[in-house]
Amino acid sequence: MTAVPARSSEWVRPVTLPEPASAIIEIDRVSQVFQTSARKDHVALSDISLTIEEGAFVSILGPSGCGKSTLLYIVGGFVSPTSGAAKMKGQVITGPGPDRGPVFQEFALFPWKTVLGNVMYGPRQQGVRAAEAEAQSRALIEMVGLKGYENFYPKELSGGMKQRVALARTLAYHPEVLLMDEPFGALDAHTRTRLQNDLLNIWERDRKTVLFVTHSVDEAVFLSDKVVMMSKSPGRIRAVIDIDLPRPRRRTELLLDPRYQKHVVDIERMFDESDEAGPSL
Amino acid sequence: MMSPAALTRRAAPVLACIGLLAVWQIASLVLKNDSFPTAMEAIRAIPDILGDKESLINILASLRRMALGFAVAVLISIPLGLLMGRSRSVAAFFNPLLMVVYPVPKAALMPIIMLWLGVGDITKTLVIFLGVSLPVIYHSFEGAKAVEEKMLWSGAAMGLSPAQRLVRIVLPAALPEILTGCRTGLVLALITMITSEMIARQSGAGNILFNALDMGQYDTVFAMIIIVGAMGICFDAIFERVRARLVRWSEPQFDMPLSFS
Amino acid sequence: MARILSPTVLLGIAPIVLIVALWQGLVSFGFAPAVLLPPPGFVFSRLLQQLVTWTFQQEIVATLIRLFAGFAIAVVLGVSIGVAAAASPAINAVVRPIVRVLAPLPKVALYPALLLLLGFGHGSKITLVTADALFPILLSTYYGASTVEQKLIWSAMAAGTRRTEILFKVVLPAAMPAILTGCRIGLVISCIVVFLAEMITSTDGLGHALVTAARTFQAVDMFVPLITISLLGLILNALLGALRSYLLRGFPEA
């Protein structure tokens, strides 16, 4: 346990050092229009530009229907934008690739494979030999806290355990960027908190770039270096907020930290304002 | 006004029919087999069959039996299926029996039932009834089983008696599934009718087919196949219209027919 | 033992016992002459007696050959066309209307045409079995393959699976429950159809055995092939069910 840092020291130590961070993902004037019916177009994303630096934990926060998941799918290469482009290390993204690993709210585990089979899928697909892939996968399964469940099928696991497997499956092929699509959205509050803590612990080890979509304000503030706030109809970036909280973060400490509280309140106020502007349906 | 896409969708089955007939025409021209008339020859023979009074009476008699067998089967099977779906003991009582009966070829019972009841309408209608019942019971059962428990609780809270709940909640809620069963049942009624007539060789559409075959009137055989095929397609299309109208409120169903159990 | 004889099972056996008792009663109390309705004990002993004879076994083999050949062709065609129609919009545009037209068509009406084209031997019967079993398999496969969870495919693609591999590594395994459901329906239909085809015209097979008995009014021998084909249907259905629960052990509600 480390004590809550005294106020004075906080100002002395700059929290997120502006290192010579290089951009890993660039989203350049991306728009996405869906044709919902013959007569009506739905503008899911309108002219989005965003740069994500290597090693940053960035959350995209917004109400449902603001196109935040669509933006993530565009970076994943699962969906092509109507206009504009997303780039990964300067290369225009044209399709999915093992450099960008998704973790979905729906887990999307292969039901016909065991936990081990699911985690091994990526390395095997990359051509890693079976024995080696198995050893790596077992280590990962242990890291996400599921040792002993290697031969279980996904249907035998709880929601939280399934999401741990999904995370391990994605980490197994060493993506440079993790794309997390409301990964804890289907879990109960308790499991959610535990998984947030565990995700941060795992992330602290190698600080991969993470793009994290959520609609929970405190989840975004707790996890991220940067929160991208979106508004809906059409989906636009409303604000980008730097979260200058020290790491490693502990939930119990943060909840008492006035800077954390201020970020949460500021963000919620901004959402309230846009709600008062009228129902945008 | 129809959009071009909707127009294509409407026209596609017609195009498919024309395409299949064209394939037939070409195949018969290539094979040059005496017993394989061209599609045109077969189509030309259709008016002869439908113009012949005896054939027409035969076909209409077949259809009347089919309608009767189908109607009785539906009237008995839907309530039974719904009861099975809502009561564990009713389901436990009937399920094993139905499971045993499931793989029995119903039309094959024809000779045995003929032995008891003669070759009259009763025998033929009874066989059609047996053929139709099973899928209708099964789908009504599945439909009733899947009815949301909370919906029934709401009904009970509003003061509906168990019987009222069955009629006013379970029946409409299970209707999409019931109608799927009826659609399968309708096609099965036609199949059972034709098959049993082919086996009994007394009268009816199936008998015309084999009589023509025995007498070497090959264009009549193929013309009759077109007539029976057209019946199947028309019944299915009409039923699909009715179904779509009755369950407009439900989630759009998968647009290919899915049930043949 | 207590588990096997649970009230549910007893309740389920009741109607079957009742029917057999009614059957026996009708004969015993003289409501039905034994010539028309042989008593159940007689029918089943005749069944056992027949099952060990070489001639009857040959009929079973003839039926099984046609059944399996027709069913196997239907599985191969149904699964490949179903997957192709789900994967390619162009193939879908062609297959969909044709299936729409052919699926509700009573295939048994084609049988006379098949007899003319393929003769009275195995060919016409196997083709009829295939025609009947094809559509449930094709439609379930199509349904299963086109409702594969998009995110399963995305997950596999992100892990480096090529588009061409997706079909075998994700779509087919994910559609397996639907495919096997279709196969189960197709298998029972195959059993029924092969028997009916043999009844309509054949020189061997179980269906033919029934017709032969019917011509000579041998009621017992009419029951025997009918019960045999139904038992075959039940056994094959159970075998496929066991295969299904093995293959789908990972799937919920399999």
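Letters are used for the chains, namely A, B and C, taken in the order the chains are written, and counting of residues starts over at 1 for each.
Here, a contact is a pair of C-beta atoms (placed from the backbone, for glycine too) under 8 Å apart; a residue touches a chain by one contact, two chains touch by 3 or more.
Since the model is a prediction, treat every value here as computed from it, not as a measurement.
S.K.: Looking at which chains touch which, would you call it a line, ring, star, complete or other?
M.R.: line
S.K.: Compute the centre of every chain as the mean of its C-alpha atoms, then state which one is farthest from the centre of chain A.
M.R.: B
S.K.: By C-alpha centroids, what is the most central chain here?
M.R.: Central chain is C.
S.K.: What whole-number Å value describes the gap between the mean CA coordinates of chain B and chain C?
M.R.: Between these chains, centre-to-centre, one finds 18 Å.
S.K.: Roughly how far is chain A from chain B, going centre to centre by Cα mean, in whole Å?
M.R.: Each chain reduced to its C-alpha mean, chain A and chain B end up 52 Å apart.
S.K.: What whole-number Å value describes the gap between the mean CA coordinates of chain A and chain C?
M.R.: 49
S.K.: Write out the stretch or stretches of chain A touching chain C in their complex.
M.R.: 73, 76, 78, 95-98, 100-102, 104, 106, 108, 110-114, 121-122, 125-126, 153-155, 166, 169-170, 173, 175
S.K.: Where on chain B does chain C make contact in their complex?
M.R.: Chain B residues touching chain C: 12-13, 15-17, 19-20, 33, 35-36, 88-89, 92-97, 99-100, 102-109, 111-112, 114-116, 187, 190-191, 194-195, 198-199, 206, 209-210, 212-213, 218, 221-222, 224-225, 228-229, 231-233, 235-236, 254, 256-258, 260-261.
S.K.: Within the complex, which stretch of chain C touches chain A?
M.R.: The touching residues are 149, 151-152, 154-161, 170, 173-174, 176, 248-252.
S.K.: Considering the complex alone, what residue numbers of chain C touch chain B?
M.R.: Going by the criterion above, the answer is residues 7-8, 11-16, 19, 32, 36-37, 93, 96-113, 115-117, 135-136, 139-140, 142-143, 185, 188-189, 191-193, 195-196, 199-200, 207, 210-211, 214, 217, 219, 222-223, 226, 229-230, 232-234, 237.
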